[in-house]
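The structure's right below; bear with me while I get my questions together.
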Amino acid sequence: MTSSKNGKNEDNGFLYILPILILTIFVFILPLVYALYISFTNMNLFHLFNYNIVGLKNYAIIFECGYFWELIKNTLIWTLGSLVTMMSLGFLLALILNQRDLKGKSIFYAFLILPWAFPGFISLLIWQGLWVDPYGMMNKLILPMLHLPRINSLISTTDAWIELILTNDWLSFPYFMTVFYSSLQSIPHELYDIAELDGAGTLTKFFRITLPSLKRTIAFVFITSFVFTWNNFYPIFILTGGGPGISTETFIVYAYQEAFDYSNFALASAWSVISTIFVIILGLIVIKYTHILDSFS
Amino acid sequence: KPPSSVTPTTTPTKPSVSGPLNITNATDLMKLVGLNSTPSSPVTITVWDSYSTSEDQAFNQTLAQFEKEFPWIHVDVTYGVGVGCSQFEEAAKGHDAPIVYRDTSNSGGALFCAGLLLNLSEYLPPQVFSLYLNCSISDWSIGKAVYGLPDDINYIVMFYNKQYVPYAPNTTCEMVKIAEEVNTTDHVWGIAYGASDEYGYRFAAWFAGFGGQIFTTQNGQVVPALNSTAMVDALNFWYNLTYDLHINYLAPSTGAGGAEGELFEAGKAAIIFDGPWDLNAYLQALGSNLGAAPLPVVSQTGIRAEPFLGATGWMISNPSVSGATPLQIKAALIFILFVTNCQSDYRLWCVAHDIPANKIAYNEAMAELKAGKLTPSYLNQIMEGILEQAQYTQKFPNIPQMAYYWNSFHTAASEFFAQQINAQTAAQTMESNFINCLKKNGLLSSSFEILPLPPALIDAILLLLSVFMIPEIKYKVKAL
Amino acid sequence: MEIEKRDFVVILGPSGEGKTTILRIIAGLLKQDKGHVYLRGKLADDMSPKDRNIAMVPQNYAVYPFMNVFDNIAFPLKIEHVPKEEIRKRVLEVAEMLKIDNLLDRKPSQLSGGQLQRVAIARALVKNADIILMDEPLSNLDAQVRVLAREELKELQQKLGPTIIYVTHDQAEALSLATKLALLHDGKIQAYGDPLELYRQPNNSWVASFLGNPAMNLIRSEIVGEKIEFNGQAIPLPEKFKGIIKSNRVILGIRPENIEISQDGDIEGVVELVEELGSFTITHVRVGNDIIKVVDKAFIKREKGEKVKLKFDYSRIELFDAESGVNLMIKNG
Amino acid sequence: MEIEKRDFVVILGPSGEGKTTILRIIAGLLKQDKGHVYLRGKLADDMSPKDRNIAMVPQNYAVYPFMNVFDNIAFPLKIEHVPKEEIRKRVLEVAEMLKIDNLLDRKPSQLSGGQLQRVAIARALVKNADIILMDEPLSNLDAQVRVLAREELKELQQKLGPTIIYVTHDQAEALSLATKLALLHDGKIQAYGDPLELYRQPNNSWVASFLGNPAMNLIRSEIVGEKIEFNGQAIPLPEKFKGIIKSNRVILGIRPENIEISQDGDIEGVVELVEELGSFTITHVRVGNDIIKVVDKAFIKREKGEKVKLKFDYSRIELFDAESGVNLMIKNG
Amino acid sequence: MVLFSVFPLYYIIMTSFSNAPNLISLDVSDLFPKHIYFTAYRELLTTNYYGGSFPLWIRNSLILASSTALISILLAMLTGYALSRLNIPAKKTLAAFIYIVTFFPYTATAVPLYLMFAKFHMLNYIGLIIAYTPGTSIFAAFLAKLAIDSIPPSYEEIAMVDGLSRFQVFLRIVMRLALPIVALTAILSFSGAYLDFALAYAFLLPHISDWTATIGLYYAAGLLNYASAPAYNLFAAGSVIMGIPLTALFIASQRMMTRAYSTLAGVK
């Protein structure tokens, strides 16, 4: 901080940041520009080399096909539903782990981060099996044990969402738990002492101290995870395939399908571009609203 | 749609062969592709192999033999290529496609129409194609063009557990009766068919059984024909079995690796529909209790449920995407002829129970079956059942339009089986989805017009791209 | 340890001795292992912190970084659901008193250490609690600012009159603020009482060595007849000790400011080091194996190695038991 | 500002005045805007830090937490690729000298502040650099420990004789350590010279107000004839100023220890606050609108409100220009 | 909750010790198998797949993932260091820019990326590493920036006075002091590269001996080709083997990880 303000370092800081800039341009920007270009053409399997510029036709198709708003809705359900639940879950666990008198903390923690440490591709298949109605252990064992109704994603959209979001929660909660646990530990306990003296109860302390203290953490993980979840399609792909109908299909799943099932690269690019614009807009709103990048000035 | 975009760099010189074709030895094979002597310098061909692990065992024996007989051809094999053509397309776009590629006729058809494959009938005498089962060659032809040499044929059949099913049902009525019986007496599922999970491959058989067909021709244009009573009936038939009679388990995942197969293997379902590729898994689980038979006749219509007959096969990329020299093309031709010859095909049958597409190999297999030579002996009856199905199959529509069938079907069917729409709506939705897809992809005349794009924007993008050196775009920049 | 109302009790002790711990026990944030806490005459062991009506200024101020100054000060009132109007009034009042009423909109990150400290104090005052605990509130400040802040604090306490329990490890602070001083060491309160009395007549040698800067000179000596002998030197045993002393081996304590370097001194030594601190000079004089420090207001240049004579102010001599360290005067008198 | 070899230069100034910045410029970690740095007689402006052969003890010690004490001390030598054997020898030597040879295997987290400081000093010494920069090395220590450490440091410098440039904002430290004192304020060196001289005769009013604890009393006054008048009081103009003074408006400066409360004083005031600090007492006396502080060694209990008379030691009075703050004696004499 | 997190993993392990290629078990009693078979492990570890083998692929993956981790660490820390300590024109804009760039979805960039890398003949390990690193690095750079902010600059300065250049200081001191972030970056980028399938498959397909463990496992277990029933027990065994180094890494750096994010909450 100090030295940067003095501003008279002998080294040029730009040199340090150059590698990442070059890589970023190479791996993100150029492909995206290319994708943007493709989205204005009719490149597909049949026009792999001889494609033409077709203007905004692909975008017109997207808006006219009628799926657009349905997919937006689904993507938001998927993203927000996953995020809210897994952040809450992670937070809750972090709070539990953060209790000063908890014994065997590190063992608990080790068990709890396992889902994160294990290859996700197999976990998803296992979850697919666990959800099979009525044979999978979720439906056979666990839900009945908790006196909850069974879940069948084949016959109910709600069930499908529950299945998807719960599975995604399982995959991601260790990450949030770690982040929140990490941040919780850095809150000085004096803040709580004072509040306790002033007569604050557990809830007051949580809402007035813990939450505001973690505001920046929450904002940071929220935005990165928001983007990640928005762009993450493997769980949907493997668990429901977007069904029933297209009721759990998201933007990205659809774009993926367009690109890899139909080989319509132009249309897929258009979908991706729209999706990207969406996340960037939402992202910018969050960034502006939470001032998350302020500490980088 | 003719392959307009890419034209072969060399005009093929098709050698004419008179008299009976003999391709059993190396010199004959070389003559067949117009080589009179062993080329002086060795040549390498790249091969993308999409066999499964067990099939690869047979393939590698064939490969070893090939390299012995053609020491001047080095084969650079890429294992583990998935079927479905996306990988190949990307490589082709990067002018990095393999010279030889193996995939389903479905994918092959699309690639051929896109101009990425050679028309083999321009390179090989017609006699060559008669070496293969007619059904398999027609699966690999569009019009007069043959775009690949098949190495197996496949379709689904009915597998059943003899413990519960006394005889193979010949009609749907019998099937339902047996299933009800199984349900009440043995308390296991009569049938496990996850109609909502599938993308229409297996359903096509029932659709045909109810009298439907996927495409019709209108004004010379191929158009979908899913919105028909046949579709409504077929959907309702399975709905009835599932939700009214409760004899079908609507499995969320299909095949031996899915819930369907799991139930069948565990003896909790009596009948399933699956292809011979999963045979090993079922044999392992059920042994002599396993039975196989053709799909039944649909009692309502008296028509047999006819599954798609598909064939996988070997194709050769257009040199413009693989960069192959004429000599490499010749070597590639020799290679695909070799790996689909009777010996190689028979080997696949022996090792992986692939149904041969090569006539001689097929006949050999049939003869073996008739003589009951397979071990264990119950396998004879099973294979017989499987092969019998071959008579009752429908040609796979390997036209480009077909690519858009699967998701259109799936979306509507899954909604239907989730009881969210009725059969009529499902059939309508399927069709309209299908038509929309075709329109979006330019395979049906559509209302989408080219919308203008601000020229400044294009200029800006192109300028950016030209900096980053994709030559074809550079070329476009000049053209503008 | 009893604390009178309106007292300004300072707890002084080296780092890590449990000063913060004591405050937290008083506040009810920690349960003590043994002993009891009485507040306003009532046993408070089982009272929850919020029922104790205590305010606290913790070591690092614990000003909530995510609230502005106003909200920070208003926080205790908000928790008590005091009406908005009243909160506003009381916060403004306190803020004016502490001269931070122009900072109310700022975030803590925009405040200096001194301002932060005032916010923390304002937050403690606004509750109108009659007991305020302060944990090294000035330790993060500059030496210069610290002195000013110390004075302000003193005035404030005199004006408002709460009981303050104040933790520090800075002596000057302790002596200047305390009306009662508690010295903490080895987990025990070594001394408790009027600060100047403790300074003048430390009740044991640890207190003597701890209190005062420079600290009291402590010299192992022996009582031989009517003399105190150390390092081959001898001084007469002051009158007040006569008849009291039972043991032979004692520790002689004398404050550096009670020694003079003067020709008519009776102890000989050699100057070892001279520290000139402006308003006074500390001269380290070697006497045998002991170093005796002398504080001198005068500016007399002395060189290292110079031979000098020391004159003790006998009336200010303290004697401690060589084993237990207890002040012999207090023990026996 | 010139620094002699073997000098112990202390730079004193309030927080945020650029003390650390100066050290960093000397070390070559920052480029100065203007002015030049000469090291050992040579212009060093373009030398990189490692070529300057300087050692440094930064503000927070910067002892690497991930190395043990030995590795920390050995670090500068390892960078210079000194042979292992030699490293071992030199580290042990320095560690013994600083009495931390028994800590060599410990991690910094297991050390106390005082020990950490020694490690940081050892690391600076091991390089055998003849210039050592120290940035408030004692500021994190307990008051008690600080005094001890200060003394050790002084002895060490006398023994080894490097040139030390030492930054602090603690006056007592500055006065006790420095052979040369530099006072920093407003981005300028306000004074540079012998610490006691600066103390006795500050060259401007800022220096006067900064140096000394409690600081010099500064009173706006007027010269009327042969008298200095302030707040309705008047004292005779000391002999030494006669003939020098041109301006009327001056600031009168007198150190608290040069005032006595005594019956025969000629200035009348009212006691406002009494701070008893053990070895001395600070009495704040209100004289008109000014508060005059008096330091007293004696223990005379005084009450707030008591009327007292002050007696100035006229020989110790300094006068500063009311506008520029410059010491009139120095300016003109 | 612990049960919830461990149960599916128990399932995987049980599947890997089964000799049937099934994934779902139909009865609760299946959860406690009567026999434990090592067939899947034996097959996976001993089979030679025409020039590739699972141990070889694991080795490839470890090399790939470790290199990715190393470079990601370097990049992340360099960037974080620059953002924190050095003077860069338009720093905030630049930071926001590289941050937003990571929002781009894989579907948008996959095909162009492949084509570009094909163009530059970089469909190999180097290309993969280049493609993997920026995402994690950018994310980690932001945490690194905050972490470095909270490290007093005197640690670096003293080392510079002692004779290190700024870059050496960065390598030897800053990286060491920001160890939690280094560990976190290592873990995130390591597991990202180690578990990736899509990009690795596109880049490394041609030569079986170059494959990574994921490609190999998909192939060996028959998941690449729907013309055969997948051997889930093999797949499970493979993922257990793959999971071991990863889990070890996670548990070993547990303490680091729980510290890595603390700077985010840190009082500014």
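Should a chain be cited, it is by its letter among A, B, C, D and E, assigned in written order, with residues numbered from 1 in that chain.
Please note the rule applied: contacts are C-beta pairs under 8 Å (C-beta built on N, C-alpha and C of every residue); 3 or more make two chains touch, one makes a residue touch a chain.
Which chain is which protein? Per UniProt: A = Sugar transport protein; C, D = ABC-type transporter, ModC-like protein; E = Sugar ABC transporter.
Please read all numbers here as calculations on a predicted model, not as lab measurements.
In terms of the stated touch criterion, the partners common to chain A and chain D are C, E, listed by label. If you compare A-B with D-E, the chain pair joined by more contacting C-beta pairs is A-B. Computed centre separation for the pair chain B/chain E is 36 angstrom, with centres defined by C-alpha atoms. One simple way to say how far apart two chains are is to compare their mean CA positions; for chain A and chain C this gives 56 Å. With centres taken as mean Cα positions, chain D sits 24 Å from chain C. With touch defined as above, residues shared between interfaces to two or more other chains in chain B number as follows: 93, 259, 262-263, 468, 470.
The set of chain C residues touching two or more other chains comprises 65. Contact of a single residue of chain A with at least two other chains is seen at positions 3, 8, 10, 30, 34, 128-129, 132, 135, 188, 213, 259. For chain B in complex with chain A, the residues that touch the partner chain are 1, 4-6, 84-86, 89, 92-93, 110-111, 113-116, 196-197, 250-253, 259, 262-263, 400, 403-404, 406-407, 410-412, 414-415, 417-421, 436-437, 440-442, 448-453, 458, 461-462, 464-465, 468, 470, 472-473. Of all residues in chain B, those touching chain E in their complex are 46, 50-56, 60, 76-83, 87, 90-91, 93-96, 154, 255-257, 259, 261-263, 265-266, 268, 275, 277-278, 280-281, 284-285, 312, 352, 468-470.
Interface residues of chain E facing chain D in the complex, by the touch rule stated above, are 152, 154-155, 157-165, 173, 176-177, 179. Across the complex, chain A meets chain C through its residues 188, 190-191, 193-200, 204, 208-209, 212-213, 215. Considering their complex, residues 24, 27-29, 48-50, 52, 54-56, 58-60, 62, 64-66, 75-76, 79-80, 123, 127, 133, 135 of chain D touch chain E.
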